[in-house]
Amino acid sequence: MKKDLISNHIQLDDSDQLIHLLGLEGLSKQHLTHILDKADSLIDTSGNLRKSKALDDMSIANLFFEPSTRTRNTFEIAAMRSSANIINVDLANSALKKNEDLLDTMRTLKAMQIDMFVIRHKQNGLPHHVAQYLKDVSILNAGDGINAHPTQALLDMLSIRQYKKTFEDLSVAIVGDITHSRVAHSDIQALKTLGTTDIRLIAPKVLQYDLKPYSAIKRFGNIELGLKNCDVVIVLRLQKERMIEADIPNEQEYFDNFGLTPKRLALAKPGAIVMHPGPINRGVEIDSSVADGNQSIILQQVTNGIAVRMAVMQILANKL
Amino acid sequence: MKKDLISNHIQLDDSDQLIHLLGLEGLSKQHLTHILDKADSLIDTSGNLRKSKALDDMSIANLFFEPSTRTRNTFEIAAMRSSANIINVDLANSALKKNEDLLDTMRTLKAMQIDMFVIRHKQNGLPHHVAQYLKDVSILNAGDGINAHPTQALLDMLSIRQYKKTFEDLSVAIVGDITHSRVAHSDIQALKTLGTTDIRLIAPKVLQYDLKPYSAIKRFGNIELGLKNCDVVIVLRLQKERMIEADIPNEQEYFDNFGLTPKRLALAKPGAIVMHPGPINRGVEIDSSVADGNQSIILQQVTNGIAVRMAVMQILANKL
Amino acid sequence: MKKDLISNHIQLDDSDQLIHLLGLEGLSKQHLTHILDKADSLIDTSGNLRKSKALDDMSIANLFFEPSTRTRNTFEIAAMRSSANIINVDLANSALKKNEDLLDTMRTLKAMQIDMFVIRHKQNGLPHHVAQYLKDVSILNAGDGINAHPTQALLDMLSIRQYKKTFEDLSVAIVGDITHSRVAHSDIQALKTLGTTDIRLIAPKVLQYDLKPYSAIKRFGNIELGLKNCDVVIVLRLQKERMIEADIPNEQEYFDNFGLTPKRLALAKPGAIVMHPGPINRGVEIDSSVADGNQSIILQQVTNGIAVRMAVMQILANKL
């Protein structure tokens, strides 16, 4: 399915309440703020995650069709800290050739009393597709193709809010492969909804944002120009398979042109924060001294990722 | 071991109480009814599975030597809903060449305080073999070769009882590869014990029931004749590897001859129920409109599968 | 890193309390006794493991870079019986080429509120290396290269203490591949700390102990001489890859020269106990009748292994 044809409308019920989390398009500022507030409440004053009994009656299934131990673990930990049962359904050996087979698998799991499905799939819009056919369960999109990665964007927003309090007056730069990044797509949507009016997309030409832009979006081919006086820098991970496509001969070349170095970061505002969805490629898209430096909030993002996933799970569970 | 030489006698103790579940042969109507009653008590009036603390002192190990994510998940969920600890022992990398190695592995797990073993193995009688050598643990057969699949048959009986109340006056048709189906073998045994006097086995000649038949069993090579006025249709999954053996050139051919279509189902009694152990091959052994139709209780079987496994685990735990 | 250059000093804090378990070198008799006493308290009078709520606020990650279902399961069960959350981080697909990548993975897991890491790795000193860079978490070495396997040695000591009460007056024989055995290295260290003055290392020449010996250590190439009047026999598992190196043409040859047979065991003291870290190779390093005989405490070792791991986890958790 083409990315710009995917609709999230079925994630809201008739009273405008969230029943799935498929993507951020179509959610209001109130929806996002509600999730962020809930997530904040799950972190104690020392910055540690609370444990909760909120989901002790829920059973959740992780359906990961793309290998991503890391993201799968975040949902697993979020479920465990909320006292839910969670099973990892191993789909490596599964012969789910057709979407119909997947639907049968999910209906079967639902009949086993699974209440919530966390889905990662390489096909754009797959979570939206299955959500149409399943009643009385919640679908949580953990990344579909290049379309959306809503929980990542929400944890990014939580992290920005913790450090910058507001979204309206911020300049946010996103650096890297914008075209193929579901993280970038969801971040842009979230920032738009939350009112950010200066979003700078910094990328080599072939990896630039190729959807319909709007007034807040400015595109840069030059990282120095793009970073100037910004408040937030979100660095994207460089996927090796994109280097060939973008005619980037090697990692050093990418680093020379788009790597976030201390010198380049110095062009941003003094208190600018550095973010990255992880795992980082040191010396490729980010210099080690920046990743480990005092402007980096990369590990805080990880903690926020658990809080946001707990929050979303608990909000969706309330509607089941 | 030849299927008809496998004995289940060690699954009962001296007071005729269940201490393992190896197969249904040798269990009385009272034994089966006790399990079905227990399973029914674990489903609430809305048809949802209850949670229970019954096994919170138990540790269970899943030993799956055949890949079957689906069945493994059912035991995992049944254990979790009963508050037991459960571990999946990964045997893909294991070099258990001899049964003696397997026994050593199981004795080791027992020494780690594992109380119950769920075993799936391609060798007929393997669970029976190990049960002879292990004391103070329970063995739960999750499918051994073509011999038996007792929990599947029990969930089938629970499903039939929920819809038909009785077993005595029923006509039950089983369609598909009877020869190699442990599900069919256990279903036939269960129906016999529960008093069903009209069991129709519908299959291509080479896949027909090849054990010693008894008076209740009627064999059919023609599905239309076999389905006539029956109350229950159990459709078996067609395993691809059997098609060559049975000289079935392709799936369409099988469907043409033995697929359950609306037209064929219409030959059964009006209120006849359609069952399938899953996962279904749509358009091979069953037409989609039948699988999703209002006579199909396939998803109810899945829910009953969790209830039955919880029930068996709890009954066995009482004797440990 | 060379085995004899690896230092465990960072496993103790300024007050000499255990904050990691990296190896037994550097731990006092009091440290070891404290762990053994704690482990003993987790076994009830019938020899069954108790359940504990001690770690219900802890999250533990299993990081196994070497395949070892068995050892991984022991930590998993120990965590579950202590009410901790535990996740298995699948590292088979991970592209952790550099130690820096591993540190990033672990920092990320720590940010997900993982408190304790169980690590098995083929590189000597890897757990020590990462422990230097991570604050406020505990590292538990589950075997690093040929360097150390401290929890195995602790369970061996617990087993010896249960049967022999004391360590000072014992003669302990270790038979097999001493050179490459982290179990042997850790056992020798533990026995030294606990005061055993007669440690006999029995091995083919090329598999003999090749570190700096001390007065308690005696080396034997002949098993009959080595076993004479000993109190404890620890048999090591023969790794196939070592047979070629040691010019052992086949398993029978090894068994003929170093296998523990009833006849050889008769040379030890009458009440001598037989131990093995498992899994055993019957007919290779040990005769079946000895492994299953009444002097064998191999299965008791397994139970003790859970108790020791629970004890270590609980002691480390107290310092977090």
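Going by the order they are written in, the chains are A, B and C; count residues from 1 in each one.
As a convention for this text, contacts are C-beta pairs under 8 Å (C-beta built on N, C-alpha and C of every residue); 3 or more make two chains touch, one makes a residue touch a chain.
For reference, the UniProt names are A, B, C = Aspartate carbamoyltransferase.
This is a predicted model, so every value here is computed, not measured.
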Touch-based graph of the chains, sorted into line, ring, star, complete or other: complete
Interface composition of copies chain B and chain C: same or different, split at half: different
Rounded Å distance between chain A and chain C, as computed from the means of their C-alpha atoms: 42
Euclidean distance of C-alpha centroids - chain B vs chain C, Å: 42
Chain B: positions in contact with at least two other chains: none
In the complex with chain A, residue positions of chain C that touch it: 57, 59, 85, 87, 89-91, 93-94, 100-101, 104-105, 107-114
In the complex, chain C residues that touch chain B: 48-49, 51, 67, 69-70, 73-74, 76-77, 80-81, 278-280, 282, 299-300, 302-303, 305-306
